[in-house]
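We just call them A, B, C and D in the order they show up, numbering each chain from 1.
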């Protein structure tokens, strides 16, 4: 029996990616598609790459429209998920691709988002210690942010194995789709092609407390995070370069061993052979994560680097993976580890 | 029972794309992978996006290695397919993604390739009139060139409906993967990013006689083709702008009707709604073709434009589609019409 | 004594490019900078690449602000130039980078722009036959459109030498800056990177009548033009592929000779050596034009291809070149033929 | 009287950029151009953007060819500069854009380059403390590496003002031209477009000891450097994200003050207004450096970010700037602070 899935916010990048993946999921039947400002339009005009859905018409995001589905994906602006979720009933699996329910500490939410905290839902990063157990059978899933996905997967093994000092320094490059589909001058093709630029510098990016939360949980102690995001001239992909001072006694071998152990049974995370480094192109459109790690003996730092597709593993693919776990389906169902390259 | 498929030339772009698609084909089991200069290397080092095959080792392209498969894909340099195909036996389905067996006229081959003609195989463009029948049950398939795929699909309806004079003027833009994986200075990222440039101008590009062959067959008379390819700063995609003088009495309505009729039942070709134009991003990584057509009454010309992914529908996806037909499998099996966008 | 120049519309791409070039002009002193919606802002926030002007503040576009300059560049939306120009007085050189005064036939203007025709000013393409004479001493200059610049330079020699039939078929690829700086969803980096797409297909692009005007003047008879513009994933550059049926008796040699003659004394147009083809990267940021031409004997067509920087030779560089002529300065003053490559 | 300049290695990216800038230098006359593997070819075929030099023919790199110039720029592979420089005589100004003479510590050279150290020349980064004095009147200049230029300018003020702990963590993104013009598969456009990837991870990149040298000199004590370079999908530009733990008592104000002081009189380094961040597009083709700095109070780190054009300020522009100083010319002569954007 098919799982009937609605997508609220189907006209944006996260919603479009969710639909791209849901179309390929063998157990899913796509139900209502909503998008407030675009309600009444055909999806073919908004998401021309989703050919099988070209004639589907977007509806208003309302309880009536979203009723009668087994799963509802929310791809809404921050702050709007709670109101919709409340109306969906406790038996519907609600998968929130926004930020509203990711943070455990209300003070963090209020500091970074400037509004009252809506609550905390089970966190959709199965690869973290205890991650799968938290999702099994759950009816609510908070999909992680794209940067926290890349960063947490790159660094948690070092913290879980007590190899690193609790001060991480992270610089990540993201494709422009991470900034969404709203037309802003600095996101024009003319501006971004041929250019690298930082933004949200100095500890102010909203994904920072989520990284601190994940790495601290892995470490068992507070971890400070210096996080600098940069915008790269590509549509998709995150390359996260994550470093931390190594604890005394750490060696290249002990680092490698910790990472091999952490990812030995992970279906989506691929620790590359030594000497090979991640590239975002290799995971383009896939749910795979490429990870590599090095130990710089001179600087006494661990450098862990991950590449993901920000829309797939970083958003909608991670969401489907968690949905599979919550529904008791095979975790890999409908998800690919094959990138579209070159 | 699985169809066992070998790929000769698995380290290049065409071979890699064939593997990407074959991995997603539910009836296929991937067998031997060969690549002469890379024999002995792991595929993970050469095609890092093909994660499930990362540990497979490339073998020499030899009859022994290729023996015992139901299907052999050839992704070899021009001129090398005949020798390999001869050794494979008449019961093996040989799918040649190179040019060797595309042309019917030996003189065309000799003029454009400068070597003796190897022969002509059934042509793998099912959408052409009579295209499917030629492939059913065949044990040899000549996969069309990427440009002829885009151009023939854009223009054959106009010729089949006798709407156009037999002189086509075509300008097409291709992503750089069409030029292959051999390292040449003019294909360096530093050279191609931010640049458009033409090549093979003046009727000398090797895909020209193939277009003439296809359009002439549709028209039932010889069609002259002026073809100018250009290199675009993107990895994948072909946008083919194809124009021809309209015959007397042609109207926008008669042109639209001819195209609607031509593609009404085509699973992969999508005639866009009026007013919407193709974009290569919309078919990225998919086997879909976007087509749109306009009639310029002032210039009395039909302008038909298609967008394909040169590696998918233009090479390996078209190859799988034809393989499906030849094997009696559903034509769409394992092939997607969903692009990876944005 | 310095030429004092104001720029109205300094916050957009055309205005910014004009300033970039004016800064390098040895006889120019930059005066007032205006921009209505951005008035009051520092230029450094809007055009961060124009470091020497970072602290200049934009003013309102008003007669008072623009008064007291020798030259006023207008980089305004279509339809706004006439009202501003009227107030500037007959002794001020007004250089309009918009479309308002390019067309000679009011019916063309009304058909393509849907508003009353404002008039016709001397046309700023000195390389056309009689082009320089029309500009000498003029106090009004209509800067050509970017596409008409590229197309007219590529094709006028064939028409001036009576080598081509009066039916041109043109496909051009433009960088995204040609679409301006207004934030529109289809111009987002996420949408344009990795994608080629056409627009304005079927004879409806507003630059079409301007091409017809220029080529007809060169031919001495009406020339029909089929023009298809495409959007390429790069910030700058136009590659124009222009073809026309050759008249009887035309040979590769006669075509080459006509182009050599046409450009023998041109400081900015470079007819490439045979076998070398234009690339937009080679003219990036420069006022140079690369042209190459071939004769396809099988299709009996002349294929002339040009590459320009749409913002430089295609807009602001062409404007400065014409300004130099109008002011009696050396035509090349302050303009470079050196591209920024790779 | 013109300064006569020869360029050895004129066919590569560094040599081409040197020529692009030398052509615009009012006191320079361009003399011999050499390039061993390309000797005998016209420059127009190798550097088509350098239109004024299109007909110049490359010669062999020999003492005879390089004799009789006031200045010789060396754009040679690492390890080849010493042999050429020895033959040029002590009165010729030799500007080495390679690495051979940058490092002061022979052990560093031997460790990172695996060959005997050739010596140390005055270091061409005038903005460093004491930088100009070292260059005045010098006849030998070691042009800094592109990454060390970006990194040293971003971080030396923090170290010179004793604001930062001596452990820097740096992640930089470079355009592909930094990897040179030699055709390598991983530098193909098909591979780099749409992809970010790291390389030289773990303290092994050859520019690391140069950064340690510069930052240590500014700090007056050894500084450890963790440096991770990444390859970005753009032809030019470096964005260097540089962080260091702040010393006790550091505030956002004290950091800002130190940077304002460091760059107050620098003609090429532009400390952006607070809230505005560097972008490589803004310095495209120019010798300008954009710098911004933030203090992250939560992580107690200083984040200093710089953007340069790797070929201009990062190589050839920096070389001309130092040449000007060495020759007693105005430092800014012939160099632009205006980027080519968008």
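Throughout what follows, a residue touches a chain if its C-beta (ideal position, glycine included) is under 8 Å from a C-beta of that chain, and two chains touch if they have at least 3 such contacts.
Quick caveat, the model's predicted, so the values are computed rather than measured.
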Reference interface B-D: repeating pair among A-C, A-D or C-D with over half of contacts shared: A-C
Pair joined by more contacting C-beta pairs (B-C or A-C): B-C
Whole-Å gap separating chain B and chain C, where each centre is the average of the chain's CA atoms: 37
For chain A paired with chain C, centre-to-centre distance based on mean C-alpha positions, whole Å: 45
Interface hub residues of chain B, defined as touching at least two other chains: 13, 175, 177, 181, 188, 190-191, 193-194, 233-236, 279, 281-282, 284, 342
For the chain D and chain C complex, residues of the former touching the latter: 13, 16, 20, 23-24, 44-45, 47-52, 54, 177, 181, 193-194, 235-236, 270, 272-273, 276, 279, 281-286, 288, 290, 336-342
Complex contact set, residues of chain C against chain A: 13, 175-177, 179, 181, 183-185, 187-194, 233-235
Interfacial residue positions of chain A with respect to chain D in the complex: 167, 169, 171, 173, 175, 188, 190-191, 193-199, 201-203, 224-226, 228, 230, 232-237, 239, 241, 243, 245, 277-282, 284, 292, 294-301, 303, 305, 307, 342
